[in-house]
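Note that the chains are named A, B, C, D and E in the order they appear, and that numbering of residues resets to 1 at the start of each chain.
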Amino acid sequence: MSAVLEVDGLSAGYGTGRVLFGVGLHIEAGEAATLLGRNGMGKTTTVRCIAGLLRPVEGTIRLAGEPVGQRGADWIGRAGLGLVPEGRRIFPNLTMRENLVAFAANRRAAADPWTLERVLDLFPPLAPRLGNLGSQLSGGEQQMLAIGRALLTNPVLLILDEATEGLAPLPREAIWRALQRLRATGLAVLAIDKHVDRLAAIAARHTILDRGRVAWTGSSAELTADRSLWERYLGL
Amino acid sequence: ADKIKVGFMSTLSGPGAALGVDIRDGFELVAKGEGGKLGGLTADISIADDQQSPDTGRQVVERFTKRDRVDVITGMVFSNVLLPVMPAILASGTVYISPNTGPEDYAAEKCDPNFFVVSWQNEDTASAMGQVMNDRSLKNVYLIAPNYPGGRETLNGFKRTYKGAIAGEVYTRLGQLDYAAEIATLRAARPDAVFFFLPGGMGTNFIKQYVSAGAQQDARLYTPGYSADEDTIKSVGEPMVGILNTAQWAHDLDNPANRKFVADFQKAYGRLPTMYAQQGYDAAQLIAAAVRDTGGRIEDKAAFRQALHAARFDSPRGRFRFNTNNYPIQDYYLREVVKDGAGRITNKTIGKVYTDYADPFAARCKMK
Amino acid sequence: MTAPPGLQVDGLRKRFGGVSALDDASLAVKPGELHALIGPNGAGKTTLIQLVSGAERADAGRIVLDGAVIDGLPMHRRVALGLARSFQISSVFPAFTVLENVALAIQARSRARCAVWRPVAGQAALFEPARRVLDVVGLGARSDIAAGALSHGERRRLEIGLTVATGARLLLLDEPLAGLGPDESARVVALLRTFKGQAGILLVEHDMDAVFQLADRISVLVHGRVIASGVPQAIRAHPEVRRAYLGESTA
Amino acid sequence: MASTLHIGLRPLPTLVLVASLVLLPVVLTAVDQPFYIVLASRVLIYALIASSLNLLIGYGGMVSLGHACFVGAGAYTTAVLVHAGIGSAWLAWPAAALAGAVLAAMIGAVSLRTRGVYFIMITLAFAQMAYYVVVSLRALGGDDGLVLPRRTGYGFGLDPHADMTFYYAVLGVVVLLMAGLRRLLNAPLGRALQAIRDNDVRMEAIGFPVFRIQLAGFVIAGATAGLGGGLLADLNQQVSPSLLHWTQSGTLMVMVILGGAGRFLGGVLGAAVLLLAQELFSDVTTHTALGIGLVLLAVVLFAPAGLAGLWRQVAR
Amino acid sequence: MPLTLLAEQALNGLQLGLMLFLLAAGLTLVFGIMDMINLAHGTLYMIGAYLAATVAEASGSFVAAIAAAVVGTAVIGMALELTVLRPLYRRSHLHQVLATFALILIANELVRIIWGAQPIALNMPAALSGPVELAPGLRYPAYRLVVIGVGLAAALLLYVVVVHTRVGMWLRAGASDREMASAMGVNTAWLFTAAFGAGAALCAVAGALLGPLLAVQVGMGENILILAFVVIVIGGIGSVRGALVGALLVGILDTVGRTALPALFRALASPEVASEAGPALASMLIYVLMAGVLCFRPRGLFPARG
């Protein structure tokens, strides 16, 4: 079984301030993993490093075996990382259709590659808004668009940073279901989300960050079993 | 004195730079010829750029008068720089010698013993052209100039002598790029001839566009010499051919001083001199002559001014002397842009318009 | 006419080109009531807040606050009348420290908000209340770092803090819980509960647990129309609401 | 309390700076270099004008490319008053400031409906209109401008034409206004202005009358620039349309950015360095612009926060 | 005014507009789409003209001149982008203003040092130097018709690329959120360098094409640059369509103003006032237009869409 993502001893920060201290994280092909933790613990920072948007201070990151090293974010993107960033970050001056098709790629000649049609099936509310500029979309529509945009690149590793924020119950469920189906196609997923209980059902492996350090890793079973974790690290 | 300090301030950057550079080159040619001296005195010439802005000009004048304490200032091209800074120069009791613009004020009531103009009064060349039109019995002329005092002055000069009818009188924007509209209106007015005054790039644009519109056949272009000189020819090329212009000088005037000047200038700078170059050249010659005549005792201001006014030097333009208002009394010539034997496009003298012409304002000057 | 106190919204319409974002939407928020506004993505909730807060003009309809029609008023005048809103996508002052952010909101209602002489720095009257607000939203420890350096969740909380600090009597909150971790959500829910009775709140939120915990009444917006309005139990049972919004999950 | 915004005033450096400015002309006279007194006066005046623009660009986020027209308004007002026989600085300078303020109020009221680059361009548009008005009005001397027969006087038997007297008059005005400016920036209004630069929508949403606050800032800057124009007219004893030309607005903007937009002494530093550099280069070469250009390029590439920022980098 | 004259003036307005658009096109790309304030745009235009003039002088072929100018200017443009502008993307617009202003100063001096202060000649091909008979009584300079044609072609090309190709989408995406665009797999760095080069090339086309109509001299870029900015802002920054419409509006209004206004004033007011107010108002007309447009449409006529 081949590792899609291997992060080892990752340290990073902004300016002089350190935020991450030796974070490690491994994801196998077709595996779904999560990154959990309170606000400000370093989840997004980890993601930024993986996506090449933030230069690590130290540590190594390998994508599908390839060391990312000094590669630029664009190389990583083309190498098969599909990012649904925190805060949506869709392109406000492109129409919804442009946001979707501009970066579409069928890298892996996948059995059933993602197409505009499939994305619209996943998120019916988008269809009537294809002509709207990104800036003219509702919060939730933007969120769905951000997910669709990432899917259309047909990634090997999909990273969802709070991808269900601002989604109504129905589309949220749609995403959970889609993720489940996707895993069958061998797509690896790294999810960050506040709905830990739902994630526990979908993802196999979980990592909890606390003040920039890995505080715990384990399986869904272990996570659901040990409520003390929830109180200590997730505040539940 | 053991040396003469000259403050040379001209427009050496921006669109107007071409003119300032010619004046400077002409001026330096004299000093070079004398091995760095003017009239026997070591010449300490500090050169400064007024950027065609009175503000900067004022700053430079302060430096010349208050820090370098120069004996003579010269070099300014444009009246919109000269007029604002002149009071400061005169207040400091420094002599100014204008190698180009000769505004009305200082020709008339405000004439000043420290203010000399070696070029012309702003209306002169235009007046000469008015005369030409009369001589050629052109009865219906169209006038174009930029909408600023210099432009109006020139057209007034033209109207002062021109007797015929005026088909139209248009004032365009300073620094205008496109003249298609004006040209169309102009041609609709069906004039016999067009007299235009558009200094610098404006002239270049106008001529290029006028000719490409094929209007040259319907109405010929007439202009003051400084809008049809070697620099404009260089920038316009072929379309210039056939343009008539008036000037106090031409590079083909046949006199020893001129032959020397043109030869030296071409040798030094590898191009034909323009009126501006000649004017700068004479400004320097004037200073040199005065220094020589005072035996280098320029600290005696009165004597120095006397010597300047006497103006004993051989000008390339031929006969030259100062009027009571320290503006020139000189001849004016008609030149035509032609393609000469060598296929070179240049000005050719085709006649004399005025002999010993004096500007009409001198009468209002109190100086004797 | 004498409208009852609180917020009254009658027949609001708003079109964007072809899209009809709001189509004859009406609802009322009684003083001190926590009124939840739920509905599918793109139903028009944020648009409604935009119109009520004065960020955009309605094509038709009337907005009445405590009996006074406020349609025409610019946003800042409405805030002065006690109507403040929060943003779905956090909108803070990145170059200012967290504390200074909130202090601004306090300054906005101080009489000398545009004074030209007395330095702001060290005006306890501005910073003391600000600190209290930060403690409430749990940013007390972060008060001296630049707002631009906050994490997403922290910024969401500052967003709420800014709105609360205006001291408005009627708050329009656009998904205040979005992006908050479980414990932070719980903290904010508790905060909102303390407001009950003191300030009216129009709460737009997709977190149904929170909504059903907090709301006195709930209105459901679908395609720019309020299809149902009532107490939580009624809404939870409402068939059309289940179909259009809740789905079967929260049965 | 920790604040990134409060503009502190370190007494010692300030004292040294002001003291040296006071002593400067005495020294220069001692070494018989009156010219540099004039130059210093010019630098001071431009420092004031640039600082007024810094208030807009650096603190208010209102990037105006029309600032020269307020300078022009003040300058021409002074010139016209002198021609009308009103020769007292006590009248002429306030009048200049008033002219700047009124013009700013009119232009600001329209321009502030726009944002960002559109604001840059609309301010430019109005400045260009002002320029063409001045160029075309023969009453204002058209392209030749107006010459002031004499400088405006201060009474008390002081002679404004004595370079030193004029310098001190300017110094007084500039120091006073800079002090006022600092006060303003630290006060609630100043804070509000800076917050609007950061996020105008949020400011409106927490209850600030954004438009009015920005207009206030715009008018204050306009008035200051107008006053600067008045001083300039006196210094040069001449006014001309080139004062209002868009390149002038550009130069002022360059001064601010060069010195450091949003740094209190940014405008001052920028004006001083640019003018002195010009003086220096123009003394040794006629390719002044080349030198200036290289300096600017170096600053923008290696001192992102402008000279004032560099100051701090070095200080550390 | 006779009909032919009316027609001719209409053509002149159109033609002036497209002259401006030639320069505005490159500016729309760099300033509008890529969102960089490049004051040195006029400088590239000047360089284009000078290169064209030099090559035309040497080779005698106008086509060769244009080709050389385009290639040369594009290379220079990309070099500038790599060395000076690339470090500034992450910084505020103000830094771009300062840097590109510095470039203007430097370039002008260098050009003066290399080519001298006197304007230099760039003549149109003899074939086009005369007028052609469009309609009986309506002769129009052939060359200006070419300018009209090229202007329209440039507009069309730019519109198609920016609005209907992926590259155009990447550009717009990169301009609004560089980081995210690269995360989506776009090599923004090189994309922008290339686009800047294209912008420079468009400058060169403008410079080479307008050279025969306008003086080729130091500083020729500055004044026309302002007009180009006006055009773009009126149209709506980032909109090719807007830029074209803006250009035509400015061209026609300016032409009408210059021809009709003075006449109008002469009819209404005293000659004194007329000769003063007429030209004055004509000169500021386009700025009045811009202020008016922005007053009622603060984001231009066509707020940012292709």
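In the analysis below, contacts are C-beta pairs under 8 Å (C-beta built on N, C-alpha and C of every residue); 3 or more make two chains touch, one makes a residue touch a chain.
Each chain and its UniProt protein: A, C = ABC transporter ATP-binding protein; D, E = Branched-chain amino acid ABC transporter permease.
Since the model is a prediction, treat every value here as computed from it, not as a measurement.
Q: Check every other chain and keep only those touching both chain B and chain E; list them.
A: Both chain B and chain E are touched by D, going by the contact rule given at the top.
Q: Indicate the lowest number of steps between chain A and chain B, counting one step per move to a touching chain.
A: 2
Q: Report which of A-E and A-C is connected by more C-beta pairs in contact.
A: By the number of C-beta pairs in contact, the winner is A-C.
Q: Please report how many Å separate the Cα centroid of chain C from that of chain E, as a whole number.
A: For chain C versus chain E, the centre distance works out to 47 Å.
Q: In whole angstrom, what separates the CA-based centres of chain B and chain D?
A: 37
Q: Can you compute the centre-to-centre distance for chain D and chain E, using the mean CA position of each chain? Integer Å is fine.
A: 32
Q: Would you mind pulling out the distance in Å between where the CA atoms of chain B average out and where those of chain C do?
A: 74
Q: Send over the residues of chain E in touch with two or more other chains.
A: In chain E, 108-109, 112, 279-280, 283 touch at least two other chains.
Q: Would you mind listing the residues of chain D that make contact with two or more other chains?
A: Correct list: 135-136, 138, 289.
Q: Would you give the residues of chain C that are in contact with at least 2 other chains, written as numbers and ranges?
A: Not one residue in chain C touches at least two other chains.
Q: Under the stated touch criterion, can you name all the chain pairs that qualify?
A: Contacting pairs: A-C, A-E, B-D, B-E, C-D, D-E.
Q: In their complex, what parts of chain E are in touch with chain B?
A: That would be residues 1-2, 5, 8-9, 12-13, 15-16, 19, 108-109, 112, 116-121, 123-124, 129-131, 139-141, 143-144, 212-220, 223-224, 255, 258-259, 262, 275, 278-280, 282-283 of chain E.
Q: Over in the complex, which chain C residues touch chain D? Could you list them?
A: That would be residues 53, 55, 74-76, 79-80, 84-85, 87, 91-97, 99-100, 104-105, 107-110, 112-122, 127, 144, 146, 162-163, 165-166 of chain C.
Q: Under the stated contact criterion, what part of chain E meets chain D in this complex?
A: 37, 84, 87-88, 91, 93-95, 97-99, 101-106, 108-110, 112-113, 222, 226, 229-230, 233, 237, 276-277, 279-280, 283-284, 287-288, 290-291, 294-295, 298-300
Q: Which bits of chain B are touching chain E when the two form their complex?
A: Of all residues in chain B, those touching chain E are 12-15, 17-18, 20-21, 147, 169-175, 177-178, 180-182, 184-185, 188, 200-201, 204-205, 208-209, 211-214, 231-232, 234-239, 271.
Q: In their complex, what parts of chain E are in touch with chain A?
A: The touching residues are 166, 169-170, 172-173, 175-177, 179-189, 238, 304-305.
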